[in-house]
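Below is one structure, written out as structure tokens; comments come after it.
Letters A, B, C and D mark the chains in the order given here, with residues in each chain numbered from 1 onward.
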Amino acid sequence: MYEQLKQRCWEQNMMLPRLGLVLYTFGNVSVVDRQAGVFAIKPSGVEYDVLKPEDIVIVRLDDGKVADGALRPSSDTNSHLELYRAFPQIGGIVHTHSTFATAWAQTGKPVPILGTTHADYLATDIPCTEFMADERIQNDYETETGRQMTEWFLKNHASPEEIQMILVAGHGPFTWGKTVEKAVFHARLLEELCKMAFITLTVAPDTPRLKQSLIDKHYQRKHGDKAYYGQGNN
Amino acid sequence: MYEQLKQRCWEQNMMLPRLGLVLYTFGNVSVVDRQAGVFAIKPSGVEYDVLKPEDIVIVRLDDGKVADGALRPSSDTNSHLELYRAFPQIGGIVHTHSTFATAWAQTGKPVPILGTTHADYLATDIPCTEFMADERIQNDYETETGRQMTEWFLKNHASPEEIQMILVAGHGPFTWGKTVEKAVFHARLLEELCKMAFITLTVAPDTPRLKQSLIDKHYQRKHGDKAYYGQGNN
Amino acid sequence: MYEQLKQRCWEQNMMLPRLGLVLYTFGNVSVVDRQAGVFAIKPSGVEYDVLKPEDIVIVRLDDGKVADGALRPSSDTNSHLELYRAFPQIGGIVHTHSTFATAWAQTGKPVPILGTTHADYLATDIPCTEFMADERIQNDYETETGRQMTEWFLKNHASPEEIQMILVAGHGPFTWGKTVEKAVFHARLLEELCKMAFITLTVAPDTPRLKQSLIDKHYQRKHGDKAYYGQGNN
Amino acid sequence: MYEQLKQRCWEQNMMLPRLGLVLYTFGNVSVVDRQAGVFAIKPSGVEYDVLKPEDIVIVRLDDGKVADGALRPSSDTNSHLELYRAFPQIGGIVHTHSTFATAWAQTGKPVPILGTTHADYLATDIPCTEFMADERIQNDYETETGRQMTEWFLKNHASPEEIQMILVAGHGPFTWGKTVEKAVFHARLLEELCKMAFITLTVAPDTPRLKQSLIDKHYQRKHGDKAYYGQGNN
């Protein structure tokens, strides 16, 4: 029944080791089917080299329960659920512990926008949530992790269509996109931006943010009304 | 006679180069068979690309002598022996000179717990032994290396089931686990945690340790009585 | 008609992922045919693993319009055009967002000449343009990007035959050469020089520039009238 | 006539790209045949992926002239010649521009001995020559480069059998060994030691040298009269 959805979810999960973004089981990808009211997600703790399409778990958007699949879904399932509910435009979500993005998340600080590689996809710093309050940790932790992210967007009047990635302080990155393929792309992009920012700030700690006019120019040439990058099908 | 034990020891030794944890002969893996009163270990100074299962050496737990095998066991054999005697729960041990873990060991300092990737497996800093006293260096050096590690656990009232890795100051890492497969996993995990901590502290030298409530939450969701990570077979 | 030119351009574009210089579509290579009055360049936003020789776009040197090809040329085409017009000796151009070179470009600072690996190819620091003025950003941005580079050479009385690479501040590197093959070589060389300079200055921030006599010696033994490196066909 | 010597020299040259120690043509390996009074060395400026055993050049130890071979020998030939003459015990030499070793050479400082990975092969810091005086640069530069190295050993009363590697300030590393295979091993080892020292000193800039008793212990267990590492054939 959910064969195509599982297959697509599996394929994008398998991209994570190929892109060097996961070690062992430290990551997961999900894809939503809004019409069917479900999303597909990696099972918990299953190694990528034995993962099969039929292992993918189908979870309902309304109550977060398993609709199909023999295995337990990722322990991060409720974080994905929270994001799908708060961000109705998104089609897929990726969570990894990729090296440089996770190392930045451990600092608890946003990744400053330092160049056009960054501005081509994101017109602001890469945000980082606050560290979670103790009482929320005791609560439904994974749902609260999702809320740390969605609340950042609320508080900052930011759009999850413009900022498609965030660092969870002390934990690691989540990325998303209109499609799951774009969510995976953002996960790889984020890792590269974090590596570049590490090098830049180690060489020259006082490097200022990129000037606003350059940020606007690069973001607009790819994503604005008059975008002229690519073959017109972006 | 020890064919299966040698085969398993060989397989896990061969994981080290595949995981990027050894250069030339700079590492070794051992597996214990408590019932038979022996452990299997890599021979000394043999390159991984010519190592064969039958080259693995069998050493007795009681007197540390070779029970079977034509080659000399690893020069680190007595360090393994000391750990097997002091930690009766462990099934395998890994010693490497992997780049980031060894670089941290050279600092003589523990690796602070900075994020949940760390807390998922370890609720404390990664410990580092003291530098060995001169008189002990003149003694049976490899046995004393083992003692530097076991004494750290005694002094700190720590459990080798909860902390399954340690850095030997100025030398490099040792890891272990209930099984040899888990010991190898810990060796790879440790290398990644050391790399992440290096990046985090280079970007933001004042980064504090992860808050205790987050440490507890992550460690418990994987290892506590109510663990809910994985498929229930961890 | 432009079959050979497209083939050569495609082959050198395909070198970028093989040399580890591009992620996704973050780079492009062009080759000029001065006699035919055109240059060949990668199409915009096409992934390297699906790029075919017939996708390469042919652009006219006189008016910058497409002479042949079904796809849109790289969005950086006007930067290439500007360089071909200002530097009549060059045969090919490479633009990448390679990690270390881009991280240096983000600092807005030149890469100091610290060793003979650098001096073997370049007798000065690797230059970095100024950050573009706001009014120019609003203008034809890619043409202005080209001008930022050519103006650096004018202002500094520098020769694009002696300095075959530059960092565009906040953006990334451009390299060129008498042939497109040399332009690609310079792109790879630049990435390595930037990585080495990062390591050197992190270990010893006060490292001075290489002494002038050593710079001259190394540059001359490869590129001077009495060059004696190689087989006499350089 | 020199077929075996050329073959062996070629094989060890081909190890450099496999070990990640060279980019393009930035390195060379030579092997000496003391009885025949010649050494074999890589030709100048020939890429590794087209290098064939018959391209290797044979050079005479007495006058440094080519004894056999159609191509020009490496431009670094006179540096090798100088080392073979001054160090009669060595059988092979490697010169590379490997990333971390070259970055350290650019600092002009020795690499401090920080751990047992280092002490297993070398009981001192990795030496770095002085920067060459201007008048010597004008002289026969490659011979003078060799002399910068041999003079360091004379001045410091050091043995090239105990210290089998050196950094040439501002340039890069040279390594050697009783056999050419050991010289290549030392080149790879040196790169790793330089990478580890970079990480250690970035994390903890005040890290002291390893204590002398540990240095002695590790060096002696591998290289002393009572060495007990390996299978007794080291």
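Here is the rule we use: a residue touches a chain if its C-beta (ideal position, glycine included) is under 8 Å from a C-beta of that chain, and two chains touch if they have at least 3 such contacts.
Just so we're clear, the structure is a prediction, and the values are computed from it rather than from any experiment.
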Return the chain whose centre of C-alpha atoms lies at maximal distance from the corresponding centre of chain A. D
Measuring centre to centre with CA averages, how many angstrom lie between chain A and chain D? 47
When centres are defined as mean Cα positions, the distance from chain C to chain D in whole Å is 33
Which positions in chain D are in touch with at least two other chains? 197-198, 202
Given which chains touch which, is the overall layout a line, a ring, a star, complete, or other? ring
For this entry, which pairs of chains touch? A-B, A-C, B-D, C-D
Touching residues of chain A toward chain C in the complex: what are they? 114-117, 185, 188-189, 192, 195-200, 202-204, 207, 210-211, 213-214, 217, 221, 228-232, 234
If you look only at chain A, which of its residues touch chain B in the complex? 23-24, 26, 43-46, 71-72, 75, 97, 99-100, 102-109, 131-132, 134, 137-138, 141, 170-172, 197-198, 201-202
